[in-house]
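Scrolling down, you'll hit the structures one after another.
Next come two complexes built around chain A: one with chain B, the other with chain C.
Entry: the complex of A and B
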């Protein structure tokens, strides 16, 4: 009787193990996919597209020369899709930050930020080169 | 049950749980890269197609200018390739179904040359402007109309500079104001000797950047009945800096044609007179803005006024992706594009069979 019971317990153990292992396969196969990489590329493309259009006619260079940070912030807010948070930092050629005001629409709390670098030049007769670092994230 | 069996059972269960946890964690870590890479490559493929449509002028490169030309390869970029994402005003206009020379989706689909890819395009101003007539104050000699004009993007007000024109029979008046908080109450006074209906054309330019422009036209009754719907009397087809005006019945005669931008306006001169059509040359203004074309005329003796934009925006063109979630993978890409130096938002939807 004792031998028979031992065999039953082993069979139950085996069944439980099989059920658990197959459940693990089933659950893990249905885990939601994460397209974080793609979203970052989309954001980077959108950000670069916006900076490029603002810089193409010298608007960015002129605003930086005149320290018109709010104009840049408003223009970026308009050109970027709603639901995208941004933070722009502007450096001179020696990588010293020159924007004295925060050029952002909200705090970048998300960990899924992406980064775009854009270079533009001044419209003044004195040559100046500016390096723009734009951080973007999808708002939660 | 013997103690040894219980021990074995607990040990095996723990081992299975351990293995299970490890598998689940490994799977969770690797799944995005295993499946995501496949999805990323599809996304990347569609992104490149969307860019191809906007960066490639198509073949022939000037297919937009020639009303009868159907492109062999579909692309919307200007043929001089000055700056990227700079679209051709005529190619864009030929996507609007209001234009007599509009491409059909079947023609564009064939010209894209990708039988497994359906697409849809939407091009529109970056922010919206809305005009509402809120009150009318008639008096003996003149009537004052009160309009509420709002400028917003997704509900957020946009500070904008507003250039406007009021057009009626033998009457054109211009004005300028500022909508600091995305809203303005505008009073317009028209003499009662002027015959209507009248048309209020408004351009809103973002204060931060004058290339970000939106526009709207609002017809309203003045010494007249309520204006009829758009294209009731004339069909207006702008193409290649030329406006073709086709009369929709035999009783119609044209009085005046105008072109408006925020900074300039002009009376158009006819270049060709037909039995039931007139062609006008559209001047090339330097404003970074669409041009609003207004034509007034008489239907027997009743005055009317019609308008269109050049480029003919906003527009939606292409496939209907209403059942996109169940039938196919659909990806949307939004770009900022330039048309005649003004900035617009362009969204490209691309869909293909679910892989």
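Entry: the complex of A and C
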């Protein structure tokens, strides 16, 4: 009887050990993943850098002053990596939308977009300050 | 005794298994938590949008100075500089960023600059259009930052020349150099005038662009005086105007 009990205890102990190890795996696997968040931050950084690049020599401000929306769309398409969808909205300092054309490359999945806010000052002798809202998403 | 030892070893082997399993579980958990924390740290570095936005503000202040100098050098009031920077500071405060950006500025004043502006157009051989402003950027958010920086936007024109020819008809050759913040820069427009009977007469020059901010300009004019007084009026690619006067003597 005692020998038979010992065998059962061994099985229970082994079972317990397996449960402990697997629960450790299970808990580790359920830690929230940062990959998506990091990807969003990377995308925001890429978008901000693209806008900064366009604004560095006054090109962006000049295009907005002259309402050259297609030039901005083409420049952004070139600067952003392929597979990134964007939609840019330009406001004046009173937050009135001024772009009369859609500045976007393709359909944007509204649920998985990254938002970048940018401020652009035109080098024109007439001072103009613009606020840009860039929505970005990775195309499926 | 031996039997007891053997018996004890036999009995405790299962407990040892559980302890070992616990140790393995702890190792797995700690390794996973370490990897997770590392990810969180990297993510918080990546989410420093505030830090990423500071170069944008610097770029905006630079463009605001260029815009102001373009306005002032083309006849605008000097008060345009502070008005434009005030408007920029107001717009920065209204942004929907994770932090609040407060931009303060002080216009530079010294023997050259008055209210941050220096226009020197009457000197012999060179002309300067410049603005100089000190900025204090205060960022209030997850992290509070204070940043002081100064920006100077300067367009300089250097001109010198000579003429050849006898009598009243003179072939004048000028070398004009243009600089933006001390670096060679291109001109959008160059106009040359020469002095005739105490009046400035526009010349019809031939301009040779070397592509490095240096221009060789030549024109022919009927001028009775021995020295030829010229004025080179330049607008750079940023729209900033400046001019320099020079006296050309016979080569």
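Assume the second predicted complex is superposed on the first by the 105 of 140 C-alpha atoms of A that agree within 3 Å, B and C clash if a C-alpha of one lies under 4 Å from a C-alpha of the other, contacts with A are read in each partner's own complex, and residues count from 1 in each chain.
Here, a contact is a pair of C-beta atoms (placed from the backbone, for glycine too) under 8 Å apart; a residue touches a chain by one contact, two chains touch by 3 or more.
These numbers come from a predicted model, not from an experiment.
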item: First, second, both or neither for A:131, with chain B first and chain C second; value: second
item: Touched partner set for A:120, first chain B, second chain C, both or neither; value: second
item: Partner chain(s) touched by A:61 [first = chain B, second = chain C, both, neither]; value: second
item: First, second, both or neither for A:42, with chain B first and chain C second; value: both
item: Touched partner set for A:53, first chain B, second chain C, both or neither; value: first
item: Touching partner for A:93 - first (chain B), second (chain C), both, neither; value: second
item: Touched partner set for A:21, first chain B, second chain C, both or neither; value: both
item: First (chain B), second (chain C), both or neither touched by A:9; value: both
item: Residues of chain A contacting chain B in one complex and chain C in the other; value: 6, 9, 13, 16-17, 20-21, 23-25, 27-28, 31, 33-34, 37-38, 41-42, 45, 52, 56
item: Contact set on chain B toward chain A in their complex; value: 1-2, 5, 8-9, 12-13, 16-17, 19-20, 23-24, 27-28, 31-32, 35-36, 39-40, 43-44, 47, 83-85, 126-127, 153-154, 156, 158-159, 206-209, 211-212, 333-336, 338, 341, 343
item: Complex contacts: residues of chain A adjacent to chain C; value: 6, 9-10, 13-14, 16-18, 20-21, 23-25, 27-28, 31-34, 37-38, 41-42, 44-45, 48, 51-52, 55-56, 58, 61, 93, 95, 117-129, 131
item: Contact set on chain A toward chain B in their complex; value: 2, 5-6, 9, 13, 16-17, 20-21, 23-25, 27-29, 31, 33-38, 41-42, 45-46, 49-50, 52-54, 56-57, 59, 70-75, 78-79, 81-82
item: For the chain C and chain A complex, residues of the former touching the latter; value: 11, 13-15, 17-18, 20-22, 24-26, 28-29, 31-33, 36, 39-40, 42-43, 46-47, 49, 52-53, 55-57, 59-61, 63-64, 66-68, 70-71, 74, 76, 80, 83-84, 87-88, 90-92, 94-97, 238-239
